[in-house]
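Each of the two complexes below includes chain A, the first together with chain B, the second together with chain C.
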Partner chain A sequence: MLVQGIKSRPVYTGLDIDPNARRHLFALEGAGVEALLDQVKAVGSDFLKSSDILCVGQLPNVAAEDMWSAPTIPVLLNRLRVNLINAKMGTRLYLSGTEGFIGQTMKVALDQGIDFNSIRTEHRGSTARRVQCVHCKGITESVKTSPFQCSHCGLNLLVRDHYSRRLAAFQGVCIDAEEPGTAPPPVEMFP
Partner chain B sequence: MNIKFKQETFRGDFTYRNSPDNIKRFPFPFHEDKYMYAVNMEPHVPAGPKGYAFEHMIDVDEHYVSEMRDRALVLKEDPLRCQALPHMMAAQWDTLELLMEQQAAGYPEHFSLTKNSDQWHWINRPLGIDQKFTFGDPSTLPYEPMEYITRQAQGDFCIVDQRDGNLWMDAGMVTTQADWSLDFDIGMNFMEWHGPVPLAHQMGVFDRALKFLLNLQQGKPVRRLNWTMTINPRLDTSPENYHKWGTDRMTVTPENVGEKVHLRCELQSLWRLPRSNAMLFVIRCYLLKMDELVTVPKWARRFHRVLRDLPTELADYKGLTRFRPTTVEWLSKYDDGAATSSGIFPE
Partner chain C sequence: MSINTEMNVRVAAIDQVAEKVKRFRFERVDGSPLPVFSGGAHIVVAMRDGDILRRNPYSLMSSPHDQTAYEISVLRVEQSRGGSAFMHEHVKLGDQLTISQPVNLFPHDVRGRKHIFMAGGIGITPFIAMMDQLHRDGSQFELHYAVRDRNHGAYWRELSERYGNHRIKIYVDAEKLFIPTEAILSNQVLGTHLYVCGPSGMIDAVLGKATSLGWPKQNLHSERFLAPPPGHVFKAELKRSNKTITVGTHQSILEAVEAAGVDAPYLCRGGACGQCETSVLACDGTIEHHDIYLEPEDKISGKKIMICVSRVKGQAISLDL
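Up next, the complex of A and B:
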């Protein structure tokens, strides 16, 4: 489970297939595929006939109308942007995977004017965080520990429980700013 | 009355000082001898003795020129301190109008605004600015309207959009902040940007404050005071530069408390904007060093008691932990245990 009670973090309530959607667009990563398969188990496979599935890596073994595999997250983001530009009224967007993946795909959707409340999301897989260094503004992916060293400026950063949807990132703040050199050793907090 | 503007710095050699008259107008944030969060909002109307910080609704004081110079330095280093999402242009113009009108009304000897339909003429004498422009046409100003006017007004400014029963931090000029990042928080709603504040969520403070603010009416601004403490008179205590100023907090000794430790008060005022229905949130920062604070005996007694009895979580959140004991000890010399009168004004 993710840490509860972070006011600025989105709540991931589950993929729940929308029976009224004319088109279902999925962006999945890693264990996010399981969230889709669980929906097939729960409501049957009819919705797959009007589904587009974009997936990082191995495609799920289902028969959707349109399926496309991306080698990496950035490649999927480009394709998702194109899909959204061409999307018609009545398209429902579903995102599942790690929190960093959901955040980045949601950012693409927000840029296309989709209300984040309308997007269905389910967190699956690692709780590793995507973190923006508040000092140099560089983003470090898949942060598992706090503190950690910023991959851009090298400062030791405490990972705060404060999340920006616009940046799709948590905030990292220098942990030993007041007394440089006193950063505690990293502790794995986001496995 | 002509304000005599000081030339001083908020960094490096820190020459910032309050003149004796300016100390008396400091908006002291404690109305009693203890402190806890509250939705402490009141109508933003003139109050206090003559010349007090509540006399004019957008306050200009002796630090104006130097504060504007410090803001320009911050922006040169980090332009992301001023940002506006694209749908906020109407609210930017609302903000420009409000700040020009209020400054011209409060200080006609220093500012003037002449309107002829959409042809406007703004004169800012302290900064030597004489600008003719077309209201509503950003190409007639050297910056977008919010940036243009907030480079000429003391305090930080957030423009908050209202929709879906919430408030959204969608534009701002933030260079004198107490440790929060506009670049990180822009686009967040009211609960989200207050996410890191301890205790207050559970107390229901933000639910009540939001409900109150959503009903804010045009022409009826409200205000509240907030506070923290800053070592050295540094305006830019941003998280962006925390790794540069954080070490200041290690430098407090019993000998230098009076000079180094500052009470930092935020006079926050909130204004409904007429065209956009957005809200302007002004966060005006005042700094008062302990040597200056204790020249008002009531404030010395009271601040000693507030700081001594402050809940630990609050002291941690405000970043006071390292220098609180030293400061409380220093202040205790100015607290004879006498009763203090209620209210914030000097006796």
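Up next, the complex of A and C:
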């Protein structure tokens, strides 16, 4: 069960290297590394000479000017924030990985005054969602089913396509508010 | 059917602030406060010049929060269609004029970490109000202002004194001082926004340079008010009003429509805002698109026209008006 057709559902149009950019800053997670490698295949490796790559986990086997591996997403977000504070105009930001990762890295960028339309994104890997419970406001990571049980307050939540860039999360709404206990069984929708 | 609600104002002060530039101060005739506006906004001033009703847009340059009066600056243009000449030669202290509500098609992006303004000549006016607002908000900004010579340049001295030489940079053509666009744009923090107002050639050059230096279009802003260019006389059929009018050499379609007593929507009267977009039903001739609003494919289709600046080279056009 899923509520679809909502305009705020993010669209990820691909990393497409911007030939005008003076520097390229990549934040990658898991299978997001493949999106970078596909760009190298498509346009060659020249852009790597002016690239910084931040990556959760295993670094890609490429020769970028600067590469750094983070053990977890929160660690990468801190490093990204510092990187953006010190970056100059002409730097293009590229994000690839799961939706939750793209959302959280984009949120850091928005806080630095970067327009989300100027950020290149490509969704790779799991479609599991980061969902906010609209009742207790707790965020549950890696939600694979709808409905699911809120990891904070325990309500049964229906996952909507309604997305918040500010929170970097989809919205989950109680599905059995009128008659608690009548929620349909969870269906795996976000493998 | 314009969305403007006009206001009657009295000319409270006229100052010659530079060669060919006059500043006009407007206060409401009924003494009530004027609406607060946002930096970058403009008003449309209506001028009754004999039989002709002129309506010209001018950027507001007074403090956006000052409700006692609005101020505009008018450059006396050599090949004036009449508006700037009328303001300079006929408008006197105490005269009454009608102005529109303020409309902002050139606001600053509040998310920006820093704001860079580049002005050429009279293009300084919207930035004066914007800097006032940013200064009040404690936001970071700097101005790069190119003038022909120190006598023609308006307000450069006052701005330097108010905001300091670290934020206000003046470049004088006559002294061979030019805006070092590349050096400025190569060294700005990520999240900086750029705003350009001045001659078309300057705007194109600066935006082109910024793009080539990797600035995304979301961070680039410009304002160019285009005066309706002159052209050949042609007929315009207003289908819904059941009228056929003649558009004169120095008249825009919008002005001819208004002169015929037909109400058409408008906001900027400079080909920028899109408000006066009109469907073309038929055209005997070719449309000369002068606006910067329609997409290239719309211009080629010949089905839409911005009647404030565009016209027809040929005999006649039929409009859904």
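Going forward, the second predicted complex is superposed on the first by the 185 of 191 C-alpha atoms of A that agree within 3 Å, B and C clash if a C-alpha of one lies under 4 Å from a C-alpha of the other, contacts with A are read in each partner's own complex, and residues count from 1 in each chain.
Quick note on the criterion: a residue touches a chain if its C-beta (ideal position, glycine included) is under 8 Å from a C-beta of that chain, and two chains touch if they have at least 3 such contacts.
All of these numbers come straight from a predicted model, not from anything done at the bench.
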- request: Have a look at where A:S96 lands relative to chain B and chain C in the superposition and call it first, second, both or neither.
  value: neither
Field: Which superposed partner A:S8 touches (first chain B, second chain C, both, neither)
entry: first
Query: So, does A:S51 touch the first partner chain B, the second partner chain C, both, or neither?
result: neither
- prompt: Is A:H135 touching the first partner chain B, the second partner chain C, both, or neither of them?
  reply: first
Task: With the two complexes superposed on chain A, say which partner A:Q104 touches: chain B (first), chain C (second), both, or neither.
output: neither
- request: Check whether A:H162 is in contact with chain B, with chain C, with both or with neither, and answer first, second, both or neither.
  value: first
Task: Determine, under the contact definition given at the top, whether A:I114 touches first (chain B), second (chain C), both, or neither.
output: second
- prompt: Which residues of chain C touch chain A in their complex?
  reply: 109, 111-113, 185-192, 211-219
- request: Would you mind writing out the residues of chain A in touch with chain C in their complex?
  value: 18, 20-23, 84-85, 87-92, 110, 112-115, 117-118
Task: Can you check the complex and tell me which residues of chain B touch chain A?
output: 80, 181, 183-188, 191-196, 201, 239-243, 245-247, 249-250, 322
Query: Where on chain A is chain B touching in the complex?
result: 6-9, 132, 134-135, 137, 155, 160-167, 171, 173-174, 177-180
